[in-house]
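Next up: some structures, all given as structure tokens.
Heads up, the next two complexes both have subunit A, just with different partners, subunit B and then subunit C.
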Partner chain A sequence: MSNFILGHLSLFELVLVCSILGYSQYIVLRAGVFSMATAGFASIGAYTAALLSVRIDSPLWVGLLAAATIGALAGAILAWPLARLRGVFQAIATLAFVQIVISIGLYWESMTGGALGLNGIPKLVHFGHLLLVMSMVLYVLITLSRTGIGRAFDIIRQDETVAVSLGISVVKYQRLAFVLSGVLGGLGGGLMAYRNYSLVPEDFGFPLLISALSFVVLGGRIAVFGPLVGALILTLLPELARPLADYRLAVNGVLMLLAIIYWPYGVVDTLSLHWRQRRAVRTQVEARS
Partner chain B sequence: MLAQQLLNGLVTGSTYALFALGFTLVFGVLHVLNLAHGAIFMAGAFAGLYAVTAAELPLYLAFLIAMLSGGLVSVAVDWLALRPLRQRGSSEFAAIISSLGIAQVLMSAGQAISQTQIMRFPFGTFPVVIYEFWGVRISLLQAAILGLSLLLAFTLLLFLFRTDFGRRVRAVAISERTSSLLGIRPNIVYFQTFFISGALAGAAGVIIGLAFNSVHFLMGEPFLLKAFVVIVLGGLGSIGGALIGGVMLGLIQTIAVSYLSSSLSDAIIYSLLFCILLIRPTGLFGKLHIETRVVRS
Partner chain C sequence: MSALELCNLSRQFDGLTAVDDVSFSVNPGKITGLIGPNGAGKTTVVNLISGFLLPTRGCIHLYGEDISRIEPAHVARKGIARTFQNIRLLKEASVLDNVVSGFHRHERSSWWSSLFGTPAARQETSEFREQAAELLSRFNMLQFANLPAGNLSYGHQRRVEMMRALATQPRLLLLDEPVAGMNDREADALGEIFKRLAKDGLAILLIEHNMRFVMSLCEELHVLDAGRLIASGEPYAVRAQAAVVAAYLGG
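And then the complex of A and B:
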């Protein structure tokens, strides 16, 4: 097993970076927000981190911290108008945000390098850093989902009217989810910048947005480990079954389709639901005997 | 000079409107954002192109084939991706995901068929004739684009508001349950709606493929993104709104490109979309009543 991991180290690095972006998508979906802004946050974070290390040689942690902070700021600003919108309109508005970020990246050549992008970014991130960041993210998310905040997110997602009647401020919690999504998106973008050597604005367009969504849909929207499992499956599957690698796009699409139709809660949530039901049945049987 | 720019904007705008017609129709009837519309449009353009290049058919036949295959692909998208969700009564989020999924499958098929190449209609498929009125130049193709998008939009409006069929569609759009009590079969109406939407996408595919002289597997994506702006401008689900919204978008874009900068024009357009969503989420002309604030259905 450890040999397999060492042999495919860059692949596992990719899985970790992708799943951090997946978590940025996960946190908003869990709170019932239809955001697709992850790609935009990632772009902002990636350019912040890359510029800091290229222009002023800042160390890794400063760059990542700055990326996360800028992402949070973008999330907070965007959350204010989005609180007025619901459903499809939120999705359209966040898609517009992603497009605005891309076109500013193309236009502001003195800063972002335009269509040619930023090149020669030092590779500062290694597998150990990624594991550390990932475990921090998981720790925060697990803690969050065990406190009132996680419960509030779950209620808002299931029924807003019930949430309001329980005295939960939908706007406040959705804003929080949005800021967290910005933090994680910025962080994921920063990690991408420090791993990929170069950045172009189009890296953060539709394909990135779709893959972040598909990790969450396939993995699960409720359990914290969902997006990680989703990213693991979707990144490793084309590598394990080589002939599939040419049709990565189609495999991704088919899995998304099957997941949303047959396993609407995703792999992890469906399995944990199944397990919980079995345990409930078993305790019932034991109680009867 | 300004008149020429405005004319170009009008033509660009009517291609946007043409694309958005089918998209807004599906939203109006099913309240579903069909993100596979771009891929259906690509499939129609491919069918039209191969009818001209491989089967060497005349353009009008290729056009009909493109409409037919666009319609069929669209019906298949509905059957595979959206119908199962409808039967289960899933949320609008699920429909967005599944249409994105099938769009990826279609685009991957398009990539495999075209071998990732940009294809063109052979020279002379559409006669190159240029007219000049009062110093404004308009090619026959541009005139055809303008005329055709107006024609298709008005046919669709007539269909929806002056025929029995249209009355059924509108009834289902208002309430599926009530209309099935009144003896309308919603599944047939959905089938017809998707077919028409796909046929419009196929027509748009050939016209846009001719106008920009390029057909490739990613051609749907920029138009899908523009279509969001168009339908938000005109009101989600409104046919007339899509026409006006498309033309407005085309004019704004051409003016932004010629007086500011081409890369900034996208930023301007999407910021406009954002502002409209905040000020008037039902669109500038929308009569559609969607609850945007209180409850998510």
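And then the complex of A and C:
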């Protein structure tokens, strides 16, 4: 197993970067916000990190911190006009945000290099860094799930009217979800920049948005490990099934369809639901006897 | 001081006056009933009190404080809890988690401590879980604590919703048709709980259709018809009034 991991180190790096973007998508969905802004946050974070290292030679952690901070800022600003929108309207508005970010990347040539993008970015990120970042992200997400913020997110997602009747200020929590999504998206973008050597605006378009979404849909929307498992499956599968690699997109599509039809809660959530129900049946049986 | 006071409360939807010049008060330690035929405006009154709707005219005071124009989440934080006409539970979440969600109003730990899992935030969570378990055992529901709330029977789901409302430790409890769809035995069991809560000093406003249930619980009754208050007072006196008979009870 460890030989396999060492042999495919760059693949596992990719899994980790992808799942951080998946978590940016996950956190908004968890709070009941239908945001597609992750790709936009990632773009802003990636360009910030890349420019810092190319222009002023700043070290890895400064670049990543800046990427996360600017992502948070973008999330906070974006949350403002979106506070009154719900569901599919949020999705459309955030799609527009992604488009705007792409256009800025294309037209602000002096800064972003336009369509040619930024090249010669040093590869600063290695597997160890990614593991460290991922464990920090998981730590925060797990504690958040077990304390007040997670509770509020879960209530808002399931029934906004109930949330309001319990005194939860929906707008405030959804704004927090946007900021967290911005932090994770910016961070993911920064990591991409320090891994990929080069950036173009189209890296952060529709395909990225769809894959971030599919990690969450396939892996699970509620359990913290959902997006990680989703990213693992969708990134590793085409590599394990080499003969299918040419049909990568088709395989992903089929997989998504199957997941949506048969495992609509995603892999991790379906398993945990199954496990919880079995435990519930067992306690009922015990209560009777 | 009365817990809740409505003064000349009105609400119009375009041309329709759903609630028209309604004034009454709800006192702590008592169950006050609000009845009326379908479409009389009962639920509109509840939505006005809980802030989901803004009144067109008039005012709402909670223990002397004007709450008629503040947003609903803020109203809830002031101490008004409600149950819903059609039960609204988090069906996937466990019974215990549903009750824990009621404690939101009493959360003291900041977002930072929740994000980074400080001991204070963890402690708060485990305290809420203990208090929720106490509440469950008070209502003989502890054996269901870990079941998904959606798996419970209708009557038990009602109780969970009640316990969630009580977890907020409200100063006023709004019950919107709490025994709809229950048989008499279940309804009476719930009624005993309401009586006990009132005796402990809670102010309760009960919106209900079931006349027998209302008569057995309320010390004061108000009757709405077409948005207007047509009778108020002691339940048996109210029931005897001709207008009430004509509007609501029939023949």
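In the analysis below, the second predicted complex is superposed on the first by the 285 of 289 C-alpha atoms of A that agree within 3 Å, B and C clash if a C-alpha of one lies under 4 Å from a C-alpha of the other, contacts with A are read in each partner's own complex, and residues count from 1 in each chain.
Keep in mind that, in the parts below, a contact is a pair of C-beta atoms (placed from the backbone, for glycine too) under 8 Å apart; a residue touches a chain by one contact, two chains touch by 3 or more.
Every value quoted in this text rests on a predicted model; they were computed, and no experiment measured them.
Asker: Looking at the superposed three-chain arrangement on subunit A, would you call subunit B and subunit C a clash or a fit?
Answerer: They fit: once the shared chain is superposed, the two partners occupy separate space.
Asker: One more residue to check, A:58. First (subunit B), second (subunit C), both or neither?
Answerer: Neither subunit B nor subunit C is touched by A:58.
Asker: For A:149, using the defined touch cut-off, is the partner it touches subunit B, subunit C, both, or neither? Pick first, second, both or neither.
Answerer: So A:149 only meets subunit C here.
Asker: Determine, under the contact definition given at the top, whether A:87 touches first (subunit B), second (subunit C), both, or neither.
Answerer: The answer is first: A:87 touches subunit B but not subunit C.
Asker: After the superposition on A, what does A:161 contact: first (subunit B), second (subunit C), both or neither?
Answerer: In the superposition, A:161 touches subunit B and subunit C alike.
Asker: Should A:252 be classified as contacting the first partner (subunit B), the second (subunit C), both, or neither?
Answerer: A:252: touches subunit B, not subunit C.
Asker: Quick check for you: in the superposed arrangement, does A:270 touch first (subunit B), second (subunit C), both or neither?
Answerer: In the superposition, A:270 contacts neither subunit B nor subunit C.
Asker: Contact-wise, after the overlay, does A:139 reach subunit B, subunit C, both or neither (first, second, both, neither)?
Answerer: A:139 contacts subunit C only, not subunit B.
Asker: Draw lines from the C-alpha centre of subunit A to the C-alpha centres of subunit B and subunit C: what angle do they form, to the nearest 10°?
Answerer: Computed from the C-alpha centres, it is 90 degrees.
Asker: Which of the two partners, first being subunit B and second being subunit C, lies in contact with A:69: first, second, both, or neither?
Answerer: A:69 contacts neither subunit B nor subunit C.
Asker: Check the superposed model and tell me the shortest C-alpha distance between subunit B and subunit C, rounded to whole Å.
Answerer: 10
Asker: Overlap the subunit B and subunit C contact sets on subunit A and report the shared residues.
Answerer: In subunit A, residues 161 are touched by subunit B and also by subunit C.
Asker: Help me check something: in the complex, which residues belonging to subunit A touch subunit C?
Answerer: Touching subunit C from subunit A are residues 139-140, 142-144, 146-152, 154-155, 158-159, 161-170, 176, 273, 276-277, 279-280, 283-284, 287.
Asker: How about subunit A: which of its residues touch subunit B in the complex?
Answerer: Touch residues, subunit A against subunit B: 29, 32, 34, 81, 84-89, 91-93, 95-97, 99-100, 102-104, 106-107, 114, 160-161, 206, 210, 213-214, 217, 247, 249-250, 252-257, 260-261, 264.
Asker: Spell out the part of subunit C that touches subunit A in their complex, as residue ranges.
Answerer: Where subunit C meets subunit A, its residues are 50, 52, 72-74, 76-77, 81-82, 84, 88-93, 97, 100-102, 104-105, 107, 109, 111, 113-117, 121-122, 124-125, 143, 146-148, 151, 164, 168.
Asker: For subunit B, which residues count as touching subunit A in their complex?
Answerer: Going through subunit B, the ones touching subunit A are 33, 80-81, 84-85, 88, 90, 92-94, 96-98, 100-105, 107-109, 111-112, 221, 225, 228-229, 232, 236, 261, 263-267, 270-271, 273-274, 277-278, 281, 291-293, 295-297.
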